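These notes open a run of structures that come right after.
In the two complexes that follow, chain A is the common piece, with chain B as its partner first and chain C second.
And then the complex of A and B:
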């Protein structure tokens, strides 16, 4: 399965809906998307991972890279994920402490620090 | 003897194939359904690492994956053909152990993401798999992993 990406704006947030598998082959597409958004001035991102079937460390690397980029502009990168198999990877790597992880897009777009 | 052996060109698009094959063989071998996600992820990480090493060191040989069904366990070996250099372990260009991924290893020269990916790959494997061994020698490196299997009851 390939990676699907779509973006929409909700208030001052940009929601990136990701579907499919994020791995060494598809992660560059996600990286390009995040880089493009930041370059275009979207600094508050919500990455909706509910449609993601597979995520590996390459994908984690891209998300960390995205976080670094938005933080350089005092922005934010929030994740939406309820899938245990995906959450497990964030826990193993300690990244649950790095990313705010929400249970719904609605919760993520209205969240403040 | 290996149950299934797979060799693939060191290209990112083939890592998914390796994951699918490993999960299918693991299932047949009697690895618990709940653990198959871990097998899939760990094999993917090991293959991603091997592909990265081959590419950053300009090695044309294929990455090899050996899946073996044993009496009470299922084991996987993912081998790369990047030899350990005389200057010691971690000197292989792009190997995360060196902390200095080769430029372009992740397709983006000097990207900080490249480093993050490299270090996280082995972190994920060691977090997922209880029985794991990473060795490198003059012939290349190998990641060995195994999972217990539950014997299946043969129906008449």
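And then the complex of A and C:
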């Protein structure tokens, strides 16, 4: 029922590994983390969603907010996700057209387009 | 005259309105529930632990520990009772004798572990002192201090809790304990009667203030929410003239009083006989999001009555949202459906919203097509929303819903109901002959039951039936 967050730097990218459930209660924690990273000058983020069990619309809002923040600095926000049930949420809401979604952190950190 | 007239017409049970339409909302009964929440049966016999009424009112003078063997004063007010939770078998920290403000000796109970604490935690406990070194996991002291604290807070949500840490070296742990919910912390190496007594009283007062503040906030939110329910998000449908179409809707707020949902729906009929139905959800939970939901609903109604539909309507709604949203990250999902006046077919537009369910007699319940759907409103500057025609046939039920319905848990783990689970659940009910309001009520009840209680998010469901 909780959210775990850890960050690490890979080259010029910052990888945020998210685990647990992103819902109305835990989403603020993720928002805080993304805001902090952008304030500290990390504008190229990779959010690793492989450990996420649940994502609701508040969580989607936080990801969209994160994307808008990094874009203000010409940055990027990429997602790593292979879980069908999470991908389905991105497809239904149309967010697959908003976020580049990768199958591995490796692929996401080396992506350039 | 009036009496005679009434007497001649025995009072019949309430029937659906004369137009033969049911427009019932689940708001019935909610105010009563809420009243219970605010005043949880505070009779003198069922007073929650630590309730202010048992506390000394006047400011205490500096306490002096005095040995007064055998003193058991039971006069008013009730004596202060401290529950000490810790498994220190040697009694390495001795709780000194204490007097409360009225000069009564503070009663002290000791629990070695959480099971004992649960048993000793009766209504008269005014304060809990928890030793953070409590050993939940054998040979791993400190591993369980915060876990134990969370458990204690869960067992005694209305009781003040003090955390006891070893000393300065545990300052971080002690501070974390306060963040988790303890009112204050004490260090064992500076522990004495005077300090404990003062900390205990402040903790109780602080807890009382916190509870009062929380209740105030909840009352304020409740008022806002009720106002929203009454006039904003859940409208009266404008269906005049669509005699062969039945409408039913349910709205159920999420379990937390501190959250406001942004689910909304509407149904209107245009002069050409087309019935337009819509359901939507603003992401996020708060008064701003709920207000935005109301704005979007009214904008949708106005645009629909003005003759807009499909891509043109959704594009305009997106503009409204972009101008009105409280924050850049806010977006809204929406599903609109327009049912032709003959009721045989409909047009469907999806903006990031889950597709409605269609039930037809003799066929399994199915999801309407969603591949043509466009993104949620407020995500992409140049988006397109296609309208797709679907054949309904003579007799059908259409169920529009918000994601709260499919996000409920099923069992203990992380599994959720999901769309497939919901289709199956509704299908079973349709097969057993349920329709209309019965179908809605039964569906909502099972979703809640599977979730093991009230859902986190709010849920709106709209049902249109024909034939």
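We adopt the following convention: the second predicted complex is superposed on the first by the 113 of 113 C-alpha atoms of A that agree within 3 Å, B and C clash if a C-alpha of one lies under 4 Å from a C-alpha of the other, contacts with A are read in each partner's own complex, and residues count from 1 in each chain.
What we mean here is this: contacts are C-beta pairs under 8 Å (C-beta built on N, C-alpha and C of every residue); 3 or more make two chains touch, one makes a residue touch a chain.
What you see is a predicted model, and the numbers here were worked out from it, not measured in a lab.
*Asks:* Taking the superposition on A as described, I'd like to know which of chain B and chain C A:97 touches: first, second, both or neither.
*Replies:* Touch partner of A:97: chain C, not chain B.
*Asks:* If you stack the two complexes on chain A, which partner ends up touching A:7: first (chain B), second (chain C), both, or neither?
*Replies:* neither
*Asks:* Quick check on the superposed pair: does A:65 touch chain B, chain C, both, or neither? Answer first, second, both or neither.
*Replies:* Both partners, chain B and chain C.
*Asks:* Examine A:53 and indicate which partner it touches, taking first as chain B and second as chain C; both and neither are also allowed.
*Replies:* second
*Asks:* Overlap of the chain B and chain C footprints on chain A, residue-wise?
*Replies:* 21, 23-25, 54, 56-58, 60-62, 64-65, 68, 85, 92-93
*Asks:* In the complex of these two chains, what residues of chain A are touching chain C?
*Replies:* Residues 21, 23-25, 53-54, 56-58, 60-62, 64-65, 68, 85, 92-95, 97-98.
*Asks:* Which positions of chain A touch chain B when the two form their complex?
*Replies:* 21, 23-25, 28, 31, 54, 56-58, 60-62, 64-65, 68, 85, 89, 92-93
*Asks:* Could you pull out which chain C residues touch chain A in their complex?
*Replies:* Residues in contact with chain A: 254, 259, 281, 283-285, 327-331, 333, 351-354, 370, 373-376, 379-380, 383, 403, 407, 414, 416, 418, 456-457.
*Asks:* What part of chain B is in contact with chain A in the complex they form?
*Replies:* Chain B residues touching chain A: 12-13, 15-16, 19, 37, 40-41, 44-45, 48, 51-52, 106-108, 111-114, 116-117, 120-121, 123-124, 127-128.
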